[in-house]
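Down below are the structures I want you to see.
You will see chain A twice below: alongside chain B first, and alongside chain C after that.
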Partner chain A sequence: MEHLDPSIVDWSRAQFALTALYHWIFVPLTLGLTFIVAIMETIYVKTGDEWWKKTTKFWMGLLAINFAIGLATGIIMEFEFGTNWSNYSWIVGDIFGAPLAIEGIMAFFMESTFFAVMFFGWDKVSKKAHLLSTWLVAIGSNLSALWILVANGWMQHPVGMHFNPDTARNEMTDFWALVFNPNAYSKFLHTISSGYVLASLFVISVSSWYLLKKRDIQFAKRSIIVAASFGLVVSLFNLTTGDDSARQAALHQPMKLAAMEGLYEGNAHASLVAFGILNPEKKPGDSKEAFLAKLELPYALSLLSFHKLDAYVPGIDQLVYGDMEKGIMSAAEKIERGKDAVAALTAYKAAKKAGESAKAAESLQAFEKNSHYLGYGYLNNPLDVVPNVPLTFYAFHTMVLFGGWFILLFIIILYFSMINELNERRKLLWIALFSLPLGYIAQEAGWIVAEVGRQPWAIQDLLPVHMATSNYTSTPVMTTFWLFAVLFTVLLIAEVKIMTAQIKIGPKGEDHV
Partner chain B sequence: MKWIYRIYHFYRDGFQGMGRLGKRLWLLVAIKLLILFAVIKYFFFPNILEEHFSNDRQRSDYILQQLTQGD
Partner chain C sequence: MFENLSYLTLQQYWWFLFALLGALFVFMNFVQGGQTLLFTTAKNDLERDLIVNSLGRKWELGFTSLVMFGGALFAAFPLFYATSFGGAYYVWMAILFCFIIQAVAYEYCKKPNNLLGTRTYELFMLINGSLGIILIGTALGTLFTGGNFVINDMNLSHWTKASYGLEAALNPFNVAFGLMLFFLARVQGALYFLDNIADETLNRRNRIVVRYESAIFLILFLYILFQILTMTGYSYDPATKIVTPEANKYLHNFMQMPLVTAMFAVGVLLLLGGMAMGAFTQSIRGIWLSGIGTVLSVTALFLILGYNHTAYYPSLADMQSSLTIENSSGSRFTLTAMSYVSLMVPFVLGYIILVWLAMNKTPLTAGEVEQDPHHY
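Moving on, here comes the complex of A and B:
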């Protein structure tokens, strides 16, 4: 693009990352806590034990705080689409329209109806009707996430669409291909299950605090049993969905997988790096070692990526420089084809304007031939296809390490809960208390893997980020970046303050929502 | 029409019987929405394509121009 202020790309990117990362502090807890609350209320309805009602209402109060403070933090990203990412918004408009409209309508109706029954309806509707509303809030808020992730999954693996060279828009040709995009549903399941893990950690962490303070012991123990049982099941599920997400990356975003694993040199018996320290001097194509130190699981990367011990996993070098033997096209070749697609699109536009229909048809044919490489036409250097390897690698390994720790923690907590010795294990309670921040770090690390790992693409292979940005000045974007940084920090402080105040009041307090 | 009356009462009683925490949260939501929509959206987030072009044809042409100019 001509006259594009280069800093607009960085500021727009930074602003989107800031808002998405802050938004993602609130959302996963809501997704998971709705289910935990629904399980607790189900126990109440089944047993008729008023203790469970009190327990449910307490956690529902904390859910309300998180929901109210997180509410509409995501809408900012939609503002950003129209201002900072207008090219992108136009190009994806037809694809994003349907899922985001469904999400908006669903969120509005579910939230205004069933949330109201959940909070206002305790003594107004029957127990079963109230329980149904609580479950519908849980299901509805999770389905809301589905549509967002359908849109995101499409960006990572665009399917069910066709680029219209007359309107410059991707038009949906198959709605179900979009919905059942394997990338979208693996991402959806991994994302929501990670939210359930976080909510389980939250309940365990807060309950551990009560046990450490030797107050509300019965309430805390009961809450821990529900959260640890739920947490263990969902964390194991999260492990399988994570495996599927990595497999999707292997199939459709091999560069992302290579960056996640710090894999520069592809091989047929690829090992999985369990722990590793990357060599900061390493660059694609050189002969330096990729790691200063590492601990590997032999064959595991081949096995997990393609379900075969001897499957070939391409590395960054192969994906940049190509490998004829393995049938991997170099980035330089893709860039050339992309430039051919851009040139054909330019010729098509000129021929249409001049009314030369034969030339337009010929140009269109040339464009269609290379349209899958269109995005590469806007790159200048083959190394542009490599994302930030250290950030992707460390974020991925942090997420996996903490994910493994959470499974272990749930097992230990559940074991000591079952033998009724949990409140005597004070060190374990302290560990459980401080595992909550790790849950949040894992959540944010997951977002970084998904989004940094797919750079330079806004839409995989079709639109690089710098082409998605508006031709706009960076000053207002910088201003709003700092404005959001302040606003979100205030909201986060408010969340922590109100939440801790409510936790200190405890389940016996009458000040429920 | 009776059901509309019942729904109205349901919400009215819900809001009236709300605890201090609920009221604080609603206040917070209202302030936040006001800041987001009346200040941030209004002053800082114009829809560039909507503002600069009057129809989709012009918007398409502009984006095509962006896509075909290259870097």
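Moving on, here comes the complex of A and C:
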């Protein structure tokens, strides 16, 4: 590690962020649209109405275009843990690799096997077998998300493992703790429900375009009713899972919560910032105001975080500088203990190699005393524990703001659909059309909150990002970064062009049914 | 159940699963081989459509096998995952690049307004089917010839060559291994078309591919086999774990593991039988024989590579850094837990086979492709 090129950390981060951000453009739509087409096909099978078959096939066609590029951007992410984060792969691979492998066995094969039936099996298998295949694709894609988020939940809140000084890695000790990690479930439910919201927005947005163009009216209206009903239910669910996600952050990642809220000074009646402009001059530990302007909901942060109006919520200052009264250890103290742990581990390994068993036992004892802080031993400055506050804060508030807007939009759209006045409300249709990009922004913002808010950690409190990278110069990563940046951008443009062309062709392309 | 197995047995079990997955992936490479035939046996748009749509129903299974191969490696042999992927960076990234472009090629190829044009997406298929497979073969060849890595006391690895894996292409064995896989994939692709496409003209050309390219494959296969049997491998002492070179190590492994040798021999015979069926008879079922043969022989080859106290990934920079199934695996706890998960594999294989049979009941016809608005 002593020869590590410092820029490798930034380039590795940049490449992973690039691939994850691109991947996350496509996956949420797949997660939700598979369910929407499954619902539509169920209506077709139940009613026998060929019109629903045509509708199902149209949305399925758009799903396929999106699905393909989701796969393209997804494969790289799995392997990047090895190519760009090889230390990570060893230090936590014993735990982290398991959910990825289970995802492959349980979800990917289900998705890919039944995907072929869903698209090409209309005349090869029975109606019911085809419907089952469509549902299995939906379930498979969501199961895939489950295992990925079990892995990601573990990165946010590592459980069920211990550090083995002999192998110098973390090893799994409790599989069920990993699987039932509450952080994983709140993230899973929040993520998939946000995917359903995006898919609903997508169907509403595309259908609104048809209504604005005064074409395929019946198709668009029926699609909107399915999507708005589904969207309203899942967006309300998304609200509750979002609350739980934030609560998990309060319990296990207080620094992330503090950054999400721009909370520098902790207090027992913490307010929730509904809207705020951060003071760019503000630094941890100084006496400047954190906000230039803000609108607060009194007590709400304490209430939402710990379900008590007077619950103490620590701020960035307490988490960096400590607060003995509240039992919060300073980052400097943790770093010091961490460095003791690193030194003891090094001494232990050297003694073992030299066959000095007494010294090894002594070093091991010293290591175990501070092993909990091992990750901190690789940090140098207490301020390193603070993530990018403005990015986390604004991403979080953007996500919440848009999430609230989507609930309102689904209610309004559903209401006008029910009273059959939707195609007369052209302004509303335009708003619905342009709400789709907001859905994508909210998705990316959510990812930023989860990942940037966890910095500097790859694994919360356990492994800093700079310790997780591969040990080489930055040149190879720079090369592939630009290669992927160009490739993914070209593929994204191609996807959007193909998608818009298919939308323009419209459901009449399915007229043979 | 799995708790009662020794750590070594668990490591061997997971090496077997890894070998099986690798073999299934090599079998599924018929998709890649078929993609390259798009530029060989297809002479017009209709024939190209038939090929693309025949493969289009299967390509995702191959793609998933690769993902699963990676996932199983990560969970079961994380030190290999860290060392090889993190070290031979350029090679693995080039392989991934070849698979990224495959993922969009089918869906975007014939769609209107697809930005790059149909021929570009067909070129993506060609790159995936040729360069992708040759690179994978080259990377697999390094399991025999070794990599330039060092692993420190904390089990963290680094690569000692600034070419980060590209140097593997300078080794004739590795390149021959890649070419062997490439021709195997092409022959299997042609055999698959015989079974899956109802077009006599196209299949006449496919039989010619099977006839001539099987011969090229055979020459490369014999060269590789000869090299493997005569090369120096690396064995480790079960007690001290010290790695030492051993002349004819893989030959010894064949001799000391008769069951694996038998598996390999049966696999090779079935593979050659399948090729002969496609080349010299009118049978369309050669793919089944050659497919089973491929799975058996490749699985056996991986077992020869990792069993019997063999370093399956020798280090050229520091012999004692060489990877073995014992020093590179997950913990006993993880291997045990994952072994329970592996009980799902027969179930997964079962539904894949059922779906495959249902979808392949009748060979693909030009009419079917034309009538399907979602065709590729």
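As a working rule, the second predicted complex is superposed on the first by the 505 of 513 C-alpha atoms of A that agree within 3 Å, B and C clash if a C-alpha of one lies under 4 Å from a C-alpha of the other, contacts with A are read in each partner's own complex, and residues count from 1 in each chain.
Here, a residue touches a chain if its C-beta (ideal position, glycine included) is under 8 Å from a C-beta of that chain, and two chains touch if they have at least 3 such contacts.
Predicted, not measured: the structure shown is a model, and the values here were computed from it.
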For this session: Could you tell me whether chain B and chain C fit or clash when both sit on chain A in the superposition?
Result: clash
Exercise. What is the contact status of A:124 with respect to chain B (first) and chain C (second): first, second, both, or neither?
Worked result: both
Problem set entry | Touched partner set for A:349, first chain B, second chain C, both or neither | both
Problem set entry | Touch count on chain A, higher of chain B and chain C | C
Problem set entry | Which superposed partner A:497 touches (first chain B, second chain C, both, neither) | second
Exercise. Does chain B (first) or chain C (second) touch A:97, or do both, or does neither?
Worked result: second
Problem set entry | Touching partner for A:426 - first (chain B), second (chain C), both, neither | neither
For this session: Pick one for A:75: touches chain B only (first), chain C only (second), both, or neither.
Result: both
Problem set entry | Partner chain(s) touched by A:109 [first = chain B, second = chain C, both, neither] | second
Exercise. Looking at the overlay, what does A:167 touch: chain B (first), chain C (second), both, or neither?
Worked result: both
For this session: Please work out whether A:308 is in contact with chain B alone, chain C alone, both, or neither, and reply first, second, both or neither.
Result: neither
Seminar exercise, completed: Which of 24-32, 60-68 or 78-86 hits chain B? In chain C, it is stretch 78-86
Problem set entry | Residues of chain A at both interfaces, chain B in one complex, chain C in the other | 1, 61, 64-65, 68-69, 71-72, 75-76, 79, 82-83, 86-87, 89-90, 116, 119-121, 124, 167-169, 349, 470-472, 476, 480, 483, 487, 491, 494, 498, 502, 510, 512
Problem set entry | Residue ranges of chain C touching chain A (in the complex, touch as defined) | 56-58, 60-61, 63-64, 66-68, 70-76, 78-79, 81-87, 89-90, 92-93, 96-97, 99-101, 103-104, 106-108, 111-116, 153-159, 162, 164, 330-331, 333-334, 337-338, 341-342, 344-345, 348, 351-352, 355, 358-359, 361, 371-374
Exercise. Can you list the chain A residues touching chain B in their complex?
Worked result: 1-2, 61, 64-65, 68-69, 71-72, 75-76, 79-80, 82-83, 86-87, 89-91, 116, 119-121, 124, 165-169, 339, 342, 345-346, 349, 377-378, 380, 466-467, 470-472, 476, 479-480, 483, 487, 491, 494, 498, 502, 510-513
Seminar exercise, completed: In the complex, the residues of chain A that touch chain C are 1, 3, 57, 60-61, 64-65, 67-69, 71-73, 75-76, 78-79, 81-87, 89-90, 93-98, 100-106, 108-117, 119-121, 124-125, 129, 164, 167-169, 171-173, 175, 349-350, 353, 470-473, 476, 480, 483, 487, 490-491, 493-495, 497-498, 500-502, 505, 509-510, 512
Problem set entry | Footprint of chain A on chain B - complex, ascending | 10-11, 13-15, 17-22, 24-26, 28-29, 32-33, 35-36, 40-41, 44-50, 56, 59-60, 63-64, 66-71
